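One chain, chain A, links the two complexes that follow: it is found with chain B in the first and with chain C in the second.
Here is the complex of A and B:
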C-alpha cells in the first residue's frame, strides 16, 4: 500500500509538466517576419478546421520577435503552437539585418520543430491573404508547392539552413516568393555572402543548383528545332583532385518533344544527344562562373577544396547524358513507319 | 442390524434414502441407496431382479449379483459409497456396494469457448470419467499416468493429475502433488476454484495456468511435457505451467497452413500490444507530444474535441468503464437479453455519446480499437490482466506522456520476466530463449522442423514428426 501511495505522490508532484489540451492550441501554419523601423512585424496564420474558414491571420509588432508574438496573441484565446509550422517567411530586409536573431529564436524555442520550409517574401500579408481567399491553408499550400517535383523550387528546411549557416565553408541560399497576377510563384532564389544577400538565381539556375545537390527534381532542356530533353533522374559527383574541381553530372532522360528528329537514324539521335550534352555543359559552366565570381558558396566548394577564395578555383565539368531505354520506342516507331 | 442403525443415524433427515428390506430364509437383507443419485433401472437390473427371484433367493449374494463395479466394504466407507451413487446391500455383518450411479451429466458437446474450424469438435463435460476417456482415446499409451486425489471435506471431489511419465519432468508432478496435498477446503466445485490454490494470486495479474475444454489441446500439452489436472464436475482441465505465449497462440493453429498461421500469430501479438497501449498512446500523443501527429489529423482531433467539457484522460476512462460494463452485462445476462444489451451499448457508445458532447468521435474509434483487439483472447483471466495493464499504462501516460508510457513498458517487462510459473519464466520461450518451444507457440514452422520438445519442459526432447 505504501508503494502505491508513493507512486501516486510522485505522479501528482512530477506529472503533467507539459500537459496540453489539443482543443486549447492554435496551430500556426504560416509565420511571416518583417523588420521595419527597428521593429519586428510578424504575421501568423492560425489553422482552423471550420467549414467556413480554413485559417485566419494574426498580426503584431514589437522590438523583439517574442514581444511581437505576444502582441499578436493579446486578443487571442488559445495558446500559439508552432510545432506544426509549415512555412517561415522572412522579408529581405529582415534576412539582411536580423537573420541571426530569427534563427536563434526559432532554434531556442522548443515550440518549433526543425521541419518547416524557409523562404524570402517581402509582401507576406498579400501572399497569405491570396491563398486564404482560395479557402486553402497557406502553409499547407506552400508545402505542396515545395513537394512538387515538376517545378525546380529550392527546398530549404530549418535543419539544412542551420547546417549551412553555422558552417564557415557554406553560404546559404533561400527561395523567393513572388506574386504575379495574384499567383504565388517561387521562381527565384537568393544567394548570400557573409550572411548578406548578394545575388539572385533565376529558374534555370535553380534547376542547375538542384542537379548539383542531387535534389531529384525534373529538369528539361530545349534545343533548337524545339527538341525537348527531360531528365527522369540524375546524379552528380563533385570531387577535388590535383588542384582541380571535377563536376560530373550524369543525367538520364528522354526526348519529350521533337519536330525534325529522324527517329530511325541512330547517328542522328547520337548527334542530338551530344548537342544536349554541350548545351547543358555550357549552361552549367555559366552558372558555376556566376557563383564563383560572386565568391558565394551555396554548393560547399570551399569545404571540398579548402580554398578560401573561389575566383581562384580551377574546375572542370564532365557531363554524361544517357538516353533511357524506353527512348528506344522512337526507334521502333521509326522502323515501323 | 447394527450397521443399519449406523446408516440410519448418519442419514437422518435424508428423505431420498431408500431402504428396501428383502427377506431371506432366516433374516432380512437390506438394499439401501439414495434415490436421487442412483438409477432405478440399474438397481432393478443389477440387484432387485436377482434377489427377488424365487430360485436365487437363498444363494450367496456374491454369486447372484451382477454389476460391473462390485465391492465388499466396511461400515466406515458406507457414507462415501452411498454419496457416490452406489447401492449398499446389508447382509448380516457384510456390506456390499454395487455401482448403480444415475447419468446426471450431459452428453459430450461441441467446444463453445475454444471453437476450431478444422479441429475436433468434442469438448470436456462435467463427468470426470468421460473426460479421462476423451484423453485416453487420443493417447493410447501405458505412459499416460493419472494420480487421483479427493479434495473438499464436504464435496469429496475427485481430482486427477495427468501426465506422461516418460516426458514430464518429475519435479513438476511432485510439486503439484505437494500443493494438492496441502489443500484443505470445504468444497471444490470447479477447476477454476482449484486454480486459485495452485498459484499465489497476489503475485501477478497474468494467469499462471491455462484452462481448456478441448481434449486435443490437453493431449498436445501432455506431449509437450506439461501436467494436466482434471476436476470432477468441471468441463475444463487445467494445464500447467502456462506462459504468456500459450495464451496468445491457441493449439488450433496446428490445423492450418503454416504460412497463413504465421500471419495470424503476428496479428495476435500486435493485438495484444494494441489492446494494452492504444488508449495510453492516444492520451500521451494528444496531450504531451502532439508534434508527432500529422498536422491534418491533429487539426481534426482538435476540432472534434472542441466543446467536450472533460480532459481526454477522463473521456478515455469513462468510455473504457462503459465498455467494461457492457462486456460484463453481456456475459452475465441470459442470451435472450444479449441483443438488447448490444443494441443499447451501440446506442450509448456510438451516436448518443458523441451527439451529447460527452466524448469525441476519435475517442470512440480508439476505444473500439482497444476492445476489438481484446476480443481475440477467449481466456477471461488474460483479458482481466490486459485490462489491469491497460489502466496502468493509461495512468502513466496521463501523468507523464510518452515518457510515462516507456516507464510503464519497462515496468511490465520487468514484471513479466521476473514472474516464475513452476520454475518457468512467464516470458518463455523469448526469455529464456528456447527455439523449440518458440516453434510451438509464437511462430509456426514446417512440421518436419518441429522435431524437438523444449528442454525446459522435458528431458525427452526428441519427438517424431
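Here is the complex of A and C:
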C-alpha cells in the first residue's frame, strides 16, 4: 500500500504546477507608462535570453495597464516577467493623473522586482531606442547612470517612492530624463504637491537635495575667481528646536583648479573657506525658500517639525566647511604670483 | 525509542515562536504599534515570559494540549497555504498546495516525535545560516530615518500589540511534550531577539507606511538583497526559513493527536477549504 502511495506521490506531486522554462519567459528590463486620451500607452523593453546586450521593444495601449500589457504581448509567445526590471519610466501626464494606479499595479504583483528606479520621461520611446541603437540594454544602462556618483542624480527606487507616497509628512520627488542631442541626461527633478507635479529642480538644486538627504554624491562650488571647492563627503543634521528648524550641513572637501592661491597661506585659505561657506549658505537658502514657497516637502521637514504647512516654518542654516588635502601636490601648478 | 536530546529540544523552542507571525502577525503588530514596534516587542517578551509560566501548567492538561494543537494545525495550514500560493506558486490552485501539506502532515505523523525533533534540529541550523546571511546583507540597507516616530504614542495600541506578540510567540509551546520540565527561558529570549531583529530589518528598510501595506513584509525585504549585482532574487530561498518553522509546528501539533482523529480533522479541513475557499479568502484578506 505504501509503495502505491509513494508511486502516486512521485508521479503526481513532484515538480511544479504549470512549470515554465526560462526560455519561455521574457525578462523586462525597462517599462514605460504614458497616459493619453484616457488610455494607457506602455512600452516594454524585453531582454533577449540568448544575447547579453540585445533587447527589443513591445508597445501596447488599453484602458488599464493590464490591458495595455496584454495588447503589447498579443503576438508574443513568451510570458512577461518583471523580476529583473531596472527602470520604470512614467510620463508627466501619467504621473499627474494615474500615479496611484501605477504604484498599485507594480506593488501588488509578486512578479515585479522591488529594486527598480523610477523616473519621469515624456519621450520614452525615443529614450529607449537611443540606447538600443548603441547595442546596450536600456534598463541596465540607466541603472549604471544612477550609480554614477559624479553626476548629482536623484536616485528614487520603488520602496522610497512608496514610503513618501504613503506618508503624509512627505511629498514625492522624481528625477526627469531629458534627451539632449541624442543623449539621455538626468539634469532635472520634479517635486510634487498633493500628488501633482508642482515645480522642477535644476541640477544645482538636485545636488543640494542630495546633500540634505545625505545621499553621497560629488558636489562642487565655483567661486568668482574660478576656485573650485569639491566635496569628498558630507553629512547633514536637521533638528527642530524652539520652533526653529536647524539645518546643519558639514561639507568636507578640497580646493581644485586654483590659479592664484597658495596652500601654505593660512589666512588666505581661511578667507576662501569663509567665501565657500557664504556661497553655499546662500545657494541652500534659495533652495529651501523655493521648497517652502511651493509648500512641497520632499525633504520631510513636516516629519521633524509637526507643522502642517511649510510656509509657517522658521529655519536657520549653519554650514561647516572642513578642508582635507587629498591632492597629490603641495603647491599650485598655476601662477602663484 | 531514542531520547530527545537537550540540543534538539532547544532547537524546537527556538523555532516555534515565529511561525504564527507569518502573514497576519507581523502586519497586526506593525499596524498597531508603528514605529514603537520595539517597545511592543520588548513588553511582549516580558508578557511572554510570564505566559510561559502559566503554559507550563496548562501543557500538562491533555484536553488543552489537544485543542491548541488542532487550532494551530488549522491556522498554520491556512497561513502556509496562503503564503506558498501568493509568493511561490501563484498559478497553482490552493487546494493542490493544501493537499501536499496534508500529505506531509500524515507522513510526519507516521514518524515518532524523536524524528520530528531531529529534523527540527537540522532545520534550526539551516534557519540560523539563512538568518546570518540575511542580517549581513540587509543591515547596510537600513535607513535610520525610518525609525523616527511618525505615529503618535497610543499606549492602548502598544499594549495590544505586545499582547499579540506574547500570545503568538508562546502559544505553540503548549503543544510541546515535557514542556514543564524542559522549558528553557534563555532560548525563548534568544528566539525573541531574533524576531526583534527581523522586525528591525523590516521597519528599517521599508519604513512603517510601506511595511504596513504588505501581507508579507518579511518576504519583501529579501527582494532588496543584491550582492555585486550577481546574487539577486534570493527571496524564495531565504523565505524558506519561515516555511521550515511552520513545518516544525505542524509536525509537533499533529503528533499530539490520535492518528484517526488527525485524519478526520485533515479530511474536514480539505472539504471545508475546497467548499469555502473564496469566502475564507475574502474574510481574512
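Quick note on the criterion: the second predicted complex is superposed on the first by the 302 of 337 C-alpha atoms of A that agree within 3 Å, B and C clash if a C-alpha of one lies under 4 Å from a C-alpha of the other, contacts with A are read in each partner's own complex, and residues count from 1 in each chain.
Everything that follows uses one rule, which is that a residue touches a chain if its C-beta (ideal position, glycine included) is under 8 Å from a C-beta of that chain, and two chains touch if they have at least 3 such contacts.
Treat the numbers as computed from the prediction; the structure is a model and nothing was measured.
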| Who does A:9 touch here: chain B (first), chain C (second), both, or neither? | second
| said: By the touch definition at the top of the document, which applies to A:107: first (chain B), second (chain C), both, or neither? | reply: second
| said: Just to be sure I read the superposition right, which of the two partners does A:163 touch: chain B = first, chain C = second, or both, or neither? | reply: second
| said: Going by the contact rule set out at the top, does A:25 touch chain B (first), chain C (second), both, or neither? | reply: first
| query | Touching A:62 in the superposition: chain B (first), chain C (second), both, neither? | reply | neither
| query | Touching A:300, do we find chain B (first), chain C (second), both, or neither? | reply | second
| task | Once the structures are superposed on A, label A:83 by its partner contacts, choosing first (chain B), second (chain C), both or neither. | result | both
| task | Overlap the chain B and chain C contact sets on chain A and report the shared residues. | result | 16, 18, 83-84, 113
| task | Would you pull the chain B residues touching chain A in the complex into a rising list? | result | 286-288, 290-291, 295-296, 298-303, 305-306, 308, 311-312, 395, 398-401, 404
| message | Residue numbers of chain A touching chain B in their complex, please. | response | 11-12, 14-16, 18-23, 25, 27, 29, 47, 49-50, 81, 83-84, 86, 113, 140
| query | For the complex, which residues does chain A have touching chain C? | reply | 9, 13, 16-18, 83-84, 107, 110, 113-115, 159, 162-163, 166-167, 169, 300, 303
| remark: In the complex, the residues of chain C that touch chain A are 86-87, 89-93, 96, 99-100, 103, 145-146, 148, 150, 205-207, 209-210, 213-214, 220, 223-224, 226, 232-233
